[in-house]
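Here the chain labels run A, B and C in written order, and each chain numbers its own residues starting at 1.
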Amino acid sequence: MTDTTKTDFNRAGEAKAGTASTSGAAAVLTDIRLWSAIGIVVLLILPHYVYPVMIAKVLCFALFAAAFNLLLGFAGLLSFGHAAFFGMSAYVTGYCLQSLGFTAELGILAGTAAGALLGLAMGLLAIRRQGIYFAMITLALAQMVYFVALQAPFTGGEDGLQGVPRRDLFGIIDMSSNMNVYYLVLGVFCIGLFIVYRTVHSPFGQVLKSIRENEPRAISLGYDADRYKLMAFVLSAALSGLAGSTKVMVFQLASLTDIQWQMSGEVVLMAVLGGIGTMVGPLVGATIIITLQNELAQIGSVSTIVQGAVFVFCVLAFRRGIVGEIKHRWTTWRGRS
Amino acid sequence: MTDTLLQTKNLQAWYGESHILHGIEFSVPKGQIVTLLGRNGAGKTTTLRSIMGLVKNRTGSVVHEGTETIKLASNQIAKRGIAYCPEERGIFSSLNVKENLQLPPVIADGGMSEERVYELFPILKTRGNSQGTKLSGGEQQMLAIARILRTGAQLLLLDEPTEGLAPVIVQQIGEIIKRLKDEGFTILLVEQNFRFAERMGDVHYVIEHGEVVDRFERAEIANNREKITGYLGV
Amino acid sequence: MDFLGVPFPVFAGQLLIGLINGAFYAVLSLGLALIFGLLNIVNFAHGALYMVGAFVAFLLLDILGIGYWPALLLSPIIVGLFGMVIERFLLRPIADLDHLYGLLLTFGLALLIEGFFRQMYGVSGETYAIPSILQGGFNLGFMFLPTYRAWVIVAAIIVCGATWFLIEQTRLGATMRAAVENADLVRAFGVNVPLLVTLTYGLGVALAAFAGVLAAPIYSVNPLMGSNIIIVVFAIVVIGGLGSIKGAIISGFLLGLCEGLTRVYYPEASNIVIFVVMAIVLVVRPAGLFGKTA
């Protein structure tokens, strides 16, 4: 049973269509380069005022959510198994740094590669089905990866990998201070988001979009839809892996928390809350969810309850997400005036 | 002047963005056969679906026995005594013939008993346990008509009951429809096959681009044959 | 006495555990299949409601002193009613949207429900005693068969059979099957399809609760018991296909047995064997064993 209403799911991301001929002041307000520059400046200064590990955590999860969003928002594929990439990459990076003595950048690269490979394996299986089945398959395969991680010798089982050393970057730049790690994370985050942006705005991204809107038509136009979906899946997995690897540098820890299904749910929530199919949405979603978790961490399971409630609320009444809603209001307001 | 059983006024309907019906107006007198004629895509099927409440986005007025039904859900419309035989018959493949026949719930007294239905359609009795869609096209059509006779509904909406059927079957269906009229049913018939429709209908409405463009009584057909064939492009 | 390289009692014992797990899988995937048929959504909250079913039984006993047998009936009714409220007020408003939203919403519900019970009862779990009449067991000569475990299998088979009968052999079932095929047309015949959908969700969820009550004396009544099992059930549903009642029941039992056998020969893989089977099925027969189309 294929879903014919697929397009509806992604309408939230369509707000930017038709804004090509914006004029003067409005053009400045929507200029991506300007906003990116402002954003980077803010992120460069911010750690001097806020605990850098906290922002670094947000950035790692924002990248993770952006990677997930690349798949859902632009390829229309809902994966419920992204924790597998995030978590497995974290383990691989942790192992490489701790036991193999890799330098920071090689550790992160190894983790990212592991995420991509795992993505290739899972993607090959999952793209054989669509819609709801796709979601269930990714969830089930990720659970399998979880059990492997639970039993495999190199993951530290229930304890995870603790006290992973923050090795020097390129063997020369010291990573022992939180501030330096923060700037590494910021760099990784910017590169990751840039890759997402370029992908979405490339011919490849256009093909993905057309497959999402109408797969049979895209196939009849000669596109190998499965191959495109697989490539998107692998890219998303690799970027999720990048996020997971970088997280190890921040917390010096890779554990089962990173790889269990709740983590897959969290990243879905971040993307949905922030705005599916938007560039900034994942960052906004991640910021809110991480803050929420930190605030509610002391009171048992309240955080889970609140996350569940936010999920239900978003689906019922707030499907565009925060950034999507702002974009939508902005476009309609522009259209009227 | 006979009683009017069903009347539409300014009936409009949309599928998504596209505006399909632009104010359909016609009336169905009790005990008669009214046909809606028109080319492919003129809006005949949409008219039936709108009356039945199956088109969500619809406005205007559909009055059945003095009650406005435009705001009702399709199950409530059906409960008022309107039965629907859809385009392409709508036989359920996961149900056998007997289950298909018994599917529509009885909504009023006075429907045919199962024995009477089998009398009209003897072929169905022998095929009771076959999967519904394993029947031939003609048999499926008979099943589609048969199953709405049990319910007690007095107004039957039939959407192209002759589509894709062999002439001999078309003739059988025609006889059945006439017999139903004799038994007191009121029938609203959508047809592309004008030769068939002209033998059945007491009143004919021609629909073009979502509007009623002409109306002929049975007696007027002979003098307007050219005009009608012009409308239908046959 | 060895059987295929292992002592027969060990073999039979693991097979029995497999059969019991299979019983739970079958009842749960049956409920999922029912719900999927009419609502076109995969009910992520299914595991959470299975857990609620167990908790309701526990609370009935703990607070009201109502025992196992009444709970076996009451808990599914209570949870079923709760499910109908969920369907009416949360799922119906999004019924016309992409079905992935239904998945997201029920996922959120699962978090909410699970979080609530964790907050109230912690994660250590509560024990629920086996009813006195089902205590003890039979000595089969080659192994000891606990009465309660035998009962679980029998009860699951009865419930699956009854559900199958309802769907395949009754008029209500025929109406449900027709509505799965073409809900609009069934509605145009005068059937209150929205009500039918609500009842179906209630029934599917009640099945989950029934499984929960059955599970209560075997496993501890634990807020996490649902999320652990539901992912496995999802894999089973991918293997069997959601299109068929029979498929859901058969694949549930089969994969339970398969898991049991794995525990005999390669225990390390018993957690993942069902996922491996799923992967193989996806390669060999992407539509699933009983599915017609993807």
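By our rule, contacts are C-beta pairs under 8 Å (C-beta built on N, C-alpha and C of every residue); 3 or more make two chains touch, one makes a residue touch a chain.
Here the structure is a predicted model, which means the values were calculated and not measured.
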Handout entry: Central chain of the complex, centres being mean CA coordinates
Key = C
Practice task
Can you pull out the chain pair that has more C-beta pairs in contact than any other?
Solution key: A-C
Handout entry: Euclidean distance of C-alpha centroids - subunit A vs subunit C, Å
Key = 32
Practice task
Round to the nearest whole Å and give the separation of the Cα centres of subunit B and subunit C.
Solution key: 44
Handout entry: Chain centre separation (subunit A, subunit B; CA means) in Å
Key = 54
Practice task
Mark out which residues of subunit A touch at least two other chains, giving numbers and ranges.
Solution key: none
Exercise for the section: In the complex, go through subunit C and note every residue touching subunit A. Expected result: 36, 40-42, 90, 93-94, 96-101, 103-105, 107-116, 118-119, 227, 231-232, 234-235, 237-238, 243, 268, 271-272, 275-276, 278-279, 282-283, 286, 293-294
Problem - Residue numbers on subunit A that touch subunit C, as the complex places them - result: 1-3, 5-6, 8-9, 78, 80, 125-126, 128-133, 135-137, 139-141, 143-144, 147-148, 150-151, 261, 265, 268-269, 272, 300-305, 307-312, 314-316, 319
Fill in the blank from the handout: Residue set of subunit B touching subunit C in the complex reads 52-54, 73-75, 77-79, 83-84, 86, 90, 92-95, 99, 102-105, 107, 148, 151
Exercise for the section: State the interface residues of subunit C toward subunit B in the complex, per the touch definition above. Expected result: 171, 174-175, 177-178, 180-182, 184-193
